[in-house]
Structure formats: C-alpha cells, structure tokens
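Structures given as structure tokens follow.
The following pair of complexes shares a single chain, subunit A, combined with subunit B in the former and subunit C in the latter.
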Partner chain A sequence: MSSWLGFLKKEWTESVKSYKLLLTLLIFSVLGVMNPFIVKITPTLMKNFMPEGTVLNLPDPTAIDSWLQFYKNFPQMGLFIFILLFSTMMSKELEKGTLVILLTKGLRRSTVITAKFAMGFTYWTLAFLLTFIITYSYTAFYWDQSIVQHVFLAAGCVYVFGLLLFTITLWGNTYFASAYGGLLVTVVAVIALFIVAIFPESASWNPLQLLTAPPHMLTGEVALVEMRTPFIIAIGTLFIFLLGTIFHFNKKRL
Partner chain B sequence: MNTDLDLLIEYLPFIIPLVLLQVGLAIFSVIHVIRHPHYRFGNQVLWLLIVLFIQFIGPLIYFIAGRGDEDGRIH
Partner chain C sequence: MVVSINNVTKRFGAKEVLQNVNLAIPENSIFGFVGANGAGKTTLMKCMLGLLPVTSGTITIAGEAVTFGQTKSNAHVGYLPDVPEFYPYYTAQEYLKLCAVITNMPKRERKQRIEELLELVGLIQTKSPIRTYSRGMKQRLGIAQALLNRPKLLICDEPTSALDPVGRAQILTILQAAKSETTVFFSTHILSDAEQICDRVAMLHEGTIIFEDELTALQQQVDHQFVFTFTTSVNQALSQLSELEHHMYIEEDALIVQLSSENERLQFMRELTDRNLVIQSMHPHTKLLEQVVLEVLK
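After this line comes the complex of A and B, so read on.
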C-alpha cells in the first residue's frame, strides 16, 4: 500500500511540474464561466449587430439554455483537452524507460496502472466539479433553475462517459506505447460509437447516450430509466478496459 | 454611451474572472517562455507572440507542445 501511495505521489508531483494542474484548473474554470456568459450575451450581441429596424423575436434565455451550453462545450472542448493533456501518461514513461528502475526494485506492475488511473480519475473529477460548480452558481444567480430537471444526474452521465474515454485512452496508450496510439484508439472508439448510434435501436444500450441524452433529460424528454443500461454498460466497459490494461502491462516487455 | 456602461456593469460578474484568468495566464506564460529558453520547436519571439496574442489557446499550445522537456536546465 505504501508503494502505491508513493507512486501516486510521484504521479501528482509529475502532473504539477508539467503544468497539468495549472492548465486543468484554468481551462475548466474558463469553460464554466463561458457557458452562462455566451447564453446571457447572445441576445445583446444579436441586437447590436443586426441592421437598424430589424425586428428580432428572440426568447429570453433561460436556465435550460445555460445548461445546453454546458452540454455542448464541456464534452467537446473540455473532454478533448482533458484527453489531450492526459494521453501521454503511459507512453512518456515507456518511451523514456523510466519505469524499468522502479519495476526492478520491486514495484508491482499493477500498481503503476492503478495509480495512474487513480490520478486521471482525480483530475477528471476536479475538472468536472470545477466547470459544473461554476456553471451551476452562475445559472442559479441569473435564472430560475426550477424548470430544469435532473441537473445532477444528467451531469453525472457526462462525467461517467469522460471516465470511460479516459480509460480507453490509457489502454491504447499502454498497448501502443505512444501518445498517438492512445489518441487514435480513443478517436476510433468514439467514431465506432457514433456509427452504432445510427441505428435507432442501439439507443437503449449505447454508452454514447450518456453524452447525447443529458440535454433531453433536463427537459424531461428522456426518462431516467432509459439511461440505466447505457450507464451499466459504460461502467462495465470501463472495468474491462482497466483490467485489460493491467493484464497487458503485466506481460509487456519494457 | 450611457447604455454601453450599463451593459458593461451588467456583464461585470462574467468579465472580471475571465479577464483575471486571461491576464494571469498570459503573464505566467510570458515569464515561463523567457526563463526557459528551450523549445521543442520555434523560437522565443514566436512563442511570446503566440502566448500573448492568442487568448487561452496560445498558452495551452505552449505548455502542451512547445515547452522544452529539460525545463531549461541544460546550459
């Protein structure tokens, strides 16, 4: 256990020294502020840029619009930047061979993977909470949030999907031992999910629902029960990929 | 003019944190670029311009792709 904590501490120090903490804190707080800001300023912008005399019938923005921005920006910009930042976790060590010394000194191989996963998990939680709390506070300050349903559960779906993507990246990163390998695997996985989503029947189990359904959950169009199977499948896939990473790394030649 | 000022005050709760983050990041990145004159590609002037004039994305690119690995300790 102490070696696990020690390795976790090393991961933490590394992420701070390589400015990952700084970038995560910064980007995700900016994202959090931008969501309600865009919604609030759009009617004013439209009014100012339209030629004189144009009649615009824009409905006043509501809390739903602010959350829709959250579900548009956070999975696209936020998740993308997060995967980009943490896509080199394994490959950097494998390329430089820095793990060899630690492993020959008796560090268990599973420790490396689980500690790295725990670190990514912590960072994703931090990033998610930061954006969510900031968007939530601004939305609560400017608009009436009572019309929005299942705010926390809908956001939780996106959170779980992000974790799944991170685990897939970690697997690809370990398997191909290069930063591009991890990114490529993630992109292929997302494209595959989108292709599957072309068939409407797949909506009952496709984990991509965790990304596309939350905006509809807010208005109550999608019932919570419908999200149960995608949720369970996402968690299951996450564990399969995590175990796959551990098993693969156990046998990997360094 | 009066309406512009009203608008500014209305959006102040958004603008203050954004400006603080943006300026803080720009200053931090500029100091980093100057004190660690080793880059994976490009030169100091290029990175200073990127970091100063491309908001948010510039420093991000610098810290992910442009920052030298050895942290400038090779002399």
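After this line comes the complex of A and C, so read on.
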C-alpha cells in the first residue's frame, strides 16, 4: 500500500469513527425522502389547515414540484450541513499537531491535501447520490418524469458547485488553520458570488448559476449551452483552489 | 558525524532565536541538549526536521542537506515531539502500522518490527485505543514510532519533562537501549536526566551554544579535590586536622580536601590514621552538570 492510500485509509477510518459516515447516510437519505414527501403531503396538509368551507383550487403535484423541492433542500440544507461536517479537516490536525509525526516520517505534504480532498470528494458524491437516487426513485414512482428536462445535468450542476465550495473551505481551513477560517472564507466567497450576480451580464459566467439555474433547466427555460461557461469556470476555480491549498501547505511552518 | 549544524541563525521577525549555532553530533552517542524553557531548543529541532526554515546557515543529517518543507534527510530521522499527538481512535499497533505504510517499510518486516518496538516500550499487552493512554504511555508510543524505520538519528524534544519519576526513568532506560542502533539527540531542561544517560552535552542559552563537551569532561575532578566523610562529625574531623597545610573546607556534611599529588594523598591518609579518624567514604570531587551550568551562567 502506498503512503497515499495509507493516508486515505486513515482519513476513511477517522470519518467512520467520528460518525461522519453515519451522519451523511442518515441526513442525506432523509433529505432524499423529504423532497417528494413534502410535495405529496402538501395538498392534504393545506386542506386540513384551512378553515372549514374554504375552497382550495390546488393543481395536482407533478414531478417538477418534487425536483423543485430537491433544488431547495439539497443545495441549502444539504450543502450547508456537508460544509459544516468537513470544515475542520485540516485545522483539527494543524491545531492538535497530529500531522507533525507523519510529515517527519516522509509523508508528502501534497499527499495530505490530495487525500483529504479525495475523501471530501467521496463523501460529497455519496451524499449527492443518496439524495438524488432516493428523490429520483420516489418521484418516478409517484409521478410521470417525462415532463422534466435535463434531470441529470441539472443535478450535476449543483454537484459541481458543492465540490467547488468544499475546495474553497479546504483552502480557507488550511490557510487560517482554524475551524472558523474555512467557514468564513466560504461564506465570503458565496456572498461575493451573489454580489456579482446583481449584474445580469455576469449570468453568462458566474459559477453561482450552477446553483440558481438548475430549477429553470428542468422546465427548459435555461438552455444547456448557457451553463457551459459557468461550469468550466467552476471547475477551473476548483483546481486553482486545490493547487493553492497544496502550494500554501508546502510553505506552511509547523 | 551524523549531524552537522553550521552557523545556523533563525529569526522570527526582529527576534533572533538562534544565533550562529554550530554543533556536530557523533554517531551512536546520546547527545543531551540542555537549556531553559524558551532558549531555542525546539526551534533548532524543528529546523533540523525541515518544519521551519533557517534564516541562514546549513544543517546536514547523515550527509543529506536539510531543506524546508519536503526534506530527504527525514528518511534518516525519527522524531518525538514534546507533546506527541496521535489519532485517538487507533490502538498503538494500528498507529505503528500507519507509520510503517508512510515510511514505505516492506510489508514482510512490519509485523515483527512493530512487535519488537511495542515490547521495547512496554506496550505489547495494551490493546485499548490511544485516547485512553496516560502521558507516559503516549511518550513511550512516541519513541516506538520514532524508532520504527531504524533511523540514524532519534530527535526527542523534552521527552521526560511532564512525566512522574517512574515515567522519566522508563523513558531514559528506553533511550539508553536505543543507543545501540541509533544516535539520540534529546533536549531537556532537567539536568539530572542529561547527566544520567548522556555521553555529550551542549547548552543553549539565549540562542547560542555556551558550552559543548563530553559529560565526563564536564564532570572531571575539580582541582584535585576529594570528598571525605567520617564516622565522627565533619566539624570534629576538621578541628582535628586543622594544623595540616592542605586546603580544606566543609560542604554538605563532607570534608573537601585538596590533594594535588599521590604523595600528598598518601601523607593525608597517614595523618588520618595517626588521629584515629575512620573514613566512611572517599571519592573525587566532581561538578554536577547543574553546577557547571550555573557557573557558566554567572
């Protein structure tokens, strides 16, 4: 086993022992079930809560409504919880000094960052697939999905945006070496993207589009081609932050 | 020499923590690095490990130049930090397995080497996770991980400073045993620890090495002085010997006598017999490391 795989195994063990795997499985399964469930029970709930005699003319829920719930819950609640769970990956080790022994044994600093990134990537993929597959299965069971366009590509946009935010968190966490450093940098980055989004012309390149446009992709209001540039910029930024994290950690005094 | 430190200076901003430090550590010795807290011992050790960059100067370990960040010289080094931190969910065996993978130790050697080291540090029977370990157990595991890849140099930063007397004795015994296969460089501000096991000692004071020598040379006789104790009180003995011309004085219930030649020693023994003074003990007067340090610092 190479030292990279050895360190990755340590990351995996750590995530299991610190209940991250259990929490991810539970939270993202619940989120997956919640999306179609909320849509399914909303008309019944509305009827029960309205005063007697009120006539409600609610349209029947469709697959689009279920997916709209997905784009409301997963990027907001799901992404937020994921970032919180993995926001101390580096700072915890730097604060406690657990890496010092391994680094003096010849563990490459780039191995630390890439293995941690790989573990975050794996968990985000697991979280995304859990929520997506459960939502997809229930939606297909209850409603006709043929009216929904670009289901996979729209979800893929949110997935890539989540990965970008995780990489920014990892950089902030390494740079500031404190639990709040990563979170602060992520919040500042999201605020900056929202400020940029005020200018309508930024929609053609702003990675935030990957988060806000998918619901419109489902109905065909946003064409696939419009997401190409934000997608490329998000992937490019992700790699810049990943390389930046490696570069910064290589120069870090321990 | 397994380590050569040449004119190393380290500054943190305007503060100069190390000033032109020169040090050479011979192979298969225990080299004590003494100094008060804040003298710069840990800084020098971190520079030796490539964890901190030096401002100027060079460090060579086993012929490899130390560079900041990724340094090849670490392949020859085992390191025990002052407060070793491990992953609390691993057992000692699991942690050493991780270290073996990191150091690219051949798979067939791992099991035997890990058991050998756990036996050496007395943790072979311990199966509980590291989170349940005492400070002393963590230090012992720290030594085991540091010795895992059979390093040419074992660097220990204050390995005994926070331990009780039993824990300290255990660590010193392990370090002494480790000397057969490696060179031990350990820092301490507990001078008696250095005195117990070191072959050579260097002292760092305010960023500079103020002395460096073999411990036996430091402990050499002080101007041919000898320490005598008698079956009678020391004051009585001194009054009986007062007419003699030798330089004599009392120090901690013992009589210190300066006897510069063998003839003088023989003559003094005869005088004692003539005066019916029965010797309880007699040995050369040596300086404790602590005394040497205090004299240097005066």
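Keep this in mind: the second predicted complex is superposed on the first by the 253 of 254 C-alpha atoms of A that agree within 3 Å, B and C clash if a C-alpha of one lies under 4 Å from a C-alpha of the other, contacts with A are read in each partner's own complex, and residues count from 1 in each chain.
As a convention for this text, a contact is a pair of C-beta atoms (placed from the backbone, for glycine too) under 8 Å apart; a residue touches a chain by one contact, two chains touch by 3 or more.
Here the structure is a predicted model, which is why all the values come from computation and not from measurement.
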After the superposition on A, what does A:L243 contact: first (subunit B), second (subunit C), both or neither?
neither
Would you sort A:R253 into first (subunit B), second (subunit C), both or neither based on which partner it touches?
second
So, does A:Y19 touch the first partner subunit B, the second partner subunit C, both, or neither?
first
Per the contact definition in the header, classify A:T104: touching subunit B only (first), subunit C only (second), both, or neither.
second
In the superposed arrangement, does A:K10 touch subunit B (first), subunit C (second), both or neither?
second
First, second, both or neither for A:L58, with subunit B first and subunit C second:
neither
The answer to whether subunit B or subunit C touches more of subunit A is C
Can you pull the subunit A residues that subunit B and subunit C both touch?
none
Give every residue of subunit C touching subunit A within the complex, in rising order.
46, 49-53, 69-70, 74-75, 77, 79, 81, 83-87, 89-90, 98-99, 101-104, 142, 145, 148-149
Provide the residue numbers of subunit A that touch subunit C in the complex, in ascending order.
1-3, 5-7, 9-10, 13-14, 17-18, 96-98, 100-109, 250-251, 253-254
What does subunit A use to touch subunit B in their complex?
19, 22-23, 26-27, 29-30, 33-34, 36-37, 40-41, 44, 81, 84-85, 138, 141
Which part of subunit B faces subunit A closely enough to touch in the complex?
7, 11, 13-14, 17-18, 21, 25, 28, 56, 60, 63-64, 67
